[in-house]
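To start, the structure under review is shown below, and the notes come after it.
Letters A, B, C and D name the chains as they come in the text, with residue numbers starting at 1 for each one.
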Amino acid sequence: MAKVLMKGCEAIGEAAVRAGCRNFFGYPITPQTEVPEYLAKRFPEVGGEFVQAESEVASINMLYGGAGVGKRVLTTSSSPGISLMAEGLSYIAACELPIVFVNIVRAGPGLGGILPAQSDYHQATRGIGHGDFKIIVLAPSSVQEAVDLIIEAFDLADYWRNPVMVMGDGMIGQMMEPVEFPEMVNISKLPKKEWAADGCKGRSPNIINSLYLQAEKLNEHNWKLKAKYDEIEKRERRSETWGADDDMDVLVVAYGTMARIVKTALSEFRAAGGRAGLFRPISLWPFPHRELLAAGRKAKRILGVEMSTGQIMDDIRLSVGLNKKVDFFGKTGGVVPTPDDVLEQLHALTPPPKAKAKKKGRSK
Amino acid sequence: MAKVLMKGCEAIGEAAVRAGCRNFFGYPITPQTEVPEYLAKRFPEVGGEFVQAESEVASINMLYGGAGVGKRVLTTSSSPGISLMAEGLSYIAACELPIVFVNIVRAGPGLGGILPAQSDYHQATRGIGHGDFKIIVLAPSSVQEAVDLIIEAFDLADYWRNPVMVMGDGMIGQMMEPVEFPEMVNISKLPKKEWAADGCKGRSPNIINSLYLQAEKLNEHNWKLKAKYDEIEKRERRSETWGADDDMDVLVVAYGTMARIVKTALSEFRAAGGRAGLFRPISLWPFPHRELLAAGRKAKRILGVEMSTGQIMDDIRLSVGLNKKVDFFGKTGGVVPTPDDVLEQLHALTPPPKAKAKKKGRSK
Amino acid sequence: MAKVLMKGCEAIGEAAVRAGCRNFFGYPITPQTEVPEYLAKRFPEVGGEFVQAESEVASINMLYGGAGVGKRVLTTSSSPGISLMAEGLSYIAACELPIVFVNIVRAGPGLGGILPAQSDYHQATRGIGHGDFKIIVLAPSSVQEAVDLIIEAFDLADYWRNPVMVMGDGMIGQMMEPVEFPEMVNISKLPKKEWAADGCKGRSPNIINSLYLQAEKLNEHNWKLKAKYDEIEKRERRSETWGADDDMDVLVVAYGTMARIVKTALSEFRAAGGRAGLFRPISLWPFPHRELLAAGRKAKRILGVEMSTGQIMDDIRLSVGLNKKVDFFGKTGGVVPTPDDVLEQLHALTPPPKAKAKKKGRSK
Amino acid sequence: MAKVLMKGCEAIGEAAVRAGCRNFFGYPITPQTEVPEYLAKRFPEVGGEFVQAESEVASINMLYGGAGVGKRVLTTSSSPGISLMAEGLSYIAACELPIVFVNIVRAGPGLGGILPAQSDYHQATRGIGHGDFKIIVLAPSSVQEAVDLIIEAFDLADYWRNPVMVMGDGMIGQMMEPVEFPEMVNISKLPKKEWAADGCKGRSPNIINSLYLQAEKLNEHNWKLKAKYDEIEKRERRSETWGADDDMDVLVVAYGTMARIVKTALSEFRAAGGRAGLFRPISLWPFPHRELLAAGRKAKRILGVEMSTGQIMDDIRLSVGLNKKVDFFGKTGGVVPTPDDVLEQLHALTPPPKAKAKKKGRSK
């Protein structure tokens, strides 16, 4: 299929269509309103159903219903809207229902601003709701990867019967890039969901429920979930390294569009003789702890870069332990660090040879 | 003042009264409905205002308003209800408003059950809402401590202009214990809140706001918050050790009522010659990382015990690093581990001398 | 097409399908939940969209949206649910949007009960919301008529660009009768809605709006609406007489299923020589004032019968003036007057000759 | 007590305070936001409780609660906000709870405009919610009368255990007039509400409920309510005549601030020799039918004047029957008829002698 030039938000919408999603429930919020806008037009062409709900609280409960009857369902929102879904997400995860949702993160906390940020990392990877549950979190760094991960998200959701969040930011939603879409999934050939409450003629009813009045039953259920999460941690870690050679001075850890900016900075840094590379988690949960530990061993120090005040640092520390030198650089509130900002940090940590030489020269 | 025998939930309510709180907004949910029930009766006696709101979403926004005009405000809820407050909490933290809220944690996820749990640890300590913010979390292990921490919570909230959560569980809410209350705070002598939007006759208006349209302003605001959180991490860590001698075989880490059960198990274990102690975080955020690192150095291994599938383990690992042996034992869904359960774990990790002796004896 | 035996609620659902409605938004409430239940199953077969909203407030606003883009939209509810739609209905009428909604009236006020009633007459015909507006109200007295009126309701709504309510009661919803459906409407051949906000490629945008900041504009708009209502009053009055001969002793006025019960009573009354007939309004608004005036002239007195405490009496008086003898008989709260109850009333007002004879006989 | 110059909305607030109301629940909407604004400041001075709820749906249910425990409670809103209270009002009336609420009517339907109107007459007098119930509606035509009627409303509400609406419009809310307030009611001396659910120590519990599962019970309850409404119709009709001499050419029927404008027009009309008077209903329900019938007998014709498209006409017709000449004049949408507008109508119906003379003169 030929490539088309497309805005990130619209490409996300189209990817959901290709994945066989025909049910969207959501409420508009900047900077992701282009996704529902696109689907409101696109769904009718493919027999899909688009519902603008009364609120995010309503939306997430509609996803609960849609997923419960076996549909591939989607919502998209941005930070404050995601917070309003906290209770519903816990219900959905408890019931092991597959849903896909997109958080085009905006600057927080509170109303904050509408510019890009990555400051929902903690919420996404831990504690987005009450109780012992986990959601899979995927962080694309290009429009094409957003398309690929949306499609994969629907498969992961169905396979693991678990919510999957694709976490982007305003940049990825608004930038235009050439993308290639796969063929439309043949919905009728998707694996049958034997557990769905989709009518029980000729079989015993399926029950979708998160209430367990007997503690022992709920304990059992929670450990069954935990075993699933352990399995996901084993099998679904995704990451990428770039320029992560042996004997680096610095390994930068960054994800999403931030990682692209870091690559630009690293290219320049390396061109100037610097020894530094990138470790990019693609799945934020499960976090690629082992992969980062391995990559980290090859570097003298680690620099986390995030559009936040440092939420990813817990996971970096949990990967590499207390003995590795670890620093953080971030901006927040919608300010996007530039390649020069990152370069400056790299220089501060470990001046590249030429820079050292220059400095020497200067010091004469 | 003389001790009175009182149920935990009621004692929490009375403590809020003593702390000078006169405004409660909430919505009932088991197992903490006794707090609003108590305050609905008690507030009228002291000129307070009790409002049962339409929902938890409404409640938290009413706290936003009440705190904004400088009142000491309270809500209490349980896990799903707390999730519904996620968006509002982010707004309140962004505006640096002091509120106190209580989470009497019930088993989750989803509707779960109404029995005790500690499975909201991640939510409380990280990511309860979107954006870079933190809430102070205090975990009492007795009714008296609940009373003391509620009162301290109001002072901490005002001092740091930050939300403070007191996190208990169904046990602490339902058990009866003798408690002693301090004298009623003289509300008129509480420090004046110069920032409150409480009428601006004769001065320029105070503005309570979390929206920043200029990214640079929001960036600045977020780093200002971060500096406050760093300061809180320095100054407000609270923890306790019990029997944490040098040369322990095991240091158990547990908090809340779970820590009491662990103490019972440890007493027996130690009486039998075992070498084990307890580290009890009282503030879950800021987590007493340094204190645990120090205590952990004296033990061969660490055992985290929590009524969850292991949420506290991140913070234990972040305290002691990757090289310490660390295990977890927990039950969830409302099943409360007994002292015998804990004892069994201790024996499994490091049989006490007598047990070893017995075993030897048996092996003959 | 052959007749099929069908429950009223399901027949109402099928009628909407035949009328080309493919969008339902609603919230369940007894005794009409069988309509959404039916459509939830039926719509997917015909490419329709069924949404269970968060509440009735949400539902009616979704109808606003659906009608605004030109779809034939439906909601069904029962008394308390209809009250929750009051604000939305006023908005929809103000914007001249065609919607069809069904009120399967239950006993009120408040939660009341789930049994049949007609006590929403005033709400339906006057003051269901704020401002100067009217909705067309049709009251079927059999399942077949319900089917016919539902289909007509969609045509009337589109023609007049006005909300149309079909008002039934628990009896009509629950009873089974043989019904005949017309062929499915060819949706693509329905008249194009030139005013709809359905995409404005190649034309200037259509705006759906009820806010007028200039009083003169709103005054004009209201008198334009009034002219439409006057026209509807002229052209859309529907009523039926039965046994309304000249020289009646009593003309009974009743509508809906109550009218059927009255017919049974009248049959017996007339068989015994009594002179009484029925006037049945089919459109409650516009009320057939002229027709009732004419029919009333032929009777000595009028008896209104309604499952209420007498709401229809205003309209009877407005039809026949102050000089006619007018009485009321009704039961409420879910108690359905029996034919014998009605007969007793008739006898009390004007004993039929035989009865008189009998009485005479007896008095000997 | 001395007169003070005060804005209508604020005077309404103060009147509620004087009547012993200490509980307000509401949601802001133009043009009545000055009432809550006033009470938000005033209540704290007298130990009252002011709550801004999440929505009008929430507010009315909070009034339900507040009234249920025996408090004098108030909400104020404007047209769309009142519509959102429809369901709750039906519940409150069903439970026979005394509440007072103010509708400062704005132009409708839908969002309409924020200027004065009287187009909620039908909603107020009939069918504001589902089921057989009535609310008392009082329509002041000056700020002083608003104050008096607010105070009376609380007494009527308590006496009849029924909701009472005070219906004003933007003019009465915004105009400033000198008003005199009575002394503050001694709340502790108000009659004890024996039925209130205010704690049942030492007595059997009181139950506030609108659900009746047995139809016979609900039927009985509804007829009990009907008997109360009949009694209210007998005893609580309020009206005023002005210049309603014998042998009028025209009797104008108008209420609220519209009646004041009519008086100005009538003064001029009468000064010019015209024979016309005013009938002003003060209670809109119960409508003073008998009083209007009597006053109407003295006039050749009747002219209804209302800021609507003619909602009061039903009640005029119901008072005077079909044989009297009845006309209507109104403007709507926020356009307020001027005295000249009314004068023009009077002249059109019956030119005063001088005017006739003038006309003759001109025709020469």
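Going forward, a residue touches a chain if its C-beta (ideal position, glycine included) is under 8 Å from a C-beta of that chain, and two chains touch if they have at least 3 such contacts.
Quick caveat: nothing in here was measured; it's all calculated off a predicted structure.
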Chains in simultaneous contact with subunit A and subunit C: none
Steps needed, at fewest, to go from subunit B to subunit C via touching chains: 2
Maximum centroid distance from subunit C, chain identifier (CA atoms): B
Centre-of-Cα separation between subunit D and subunit A, whole angstrom: 57
Distance between chain centroids, defined by C-alpha means - subunit C, subunit D (Å): 29
Rounded Å distance, subunit B centre to subunit D centre (Cα mean): 52
Junction residues of subunit C - those touching two or more other chains: 57
Arrangement of touching chains [line / ring / star / complete / other]: ring
Pairs of chains found to touch, sorted by chain label: A-B, A-C, B-D, C-D
Residues of subunit A touching subunit C in the complex: 41, 47, 49, 51-55, 57-58, 61-62, 65
Complex contact set, residues of subunit B against subunit A: 57, 79-80, 82-84, 86-87, 90-95, 105, 107-113, 115, 117, 119-133, 209-223, 225-226, 308-311, 314, 317-318, 320-323, 331-335
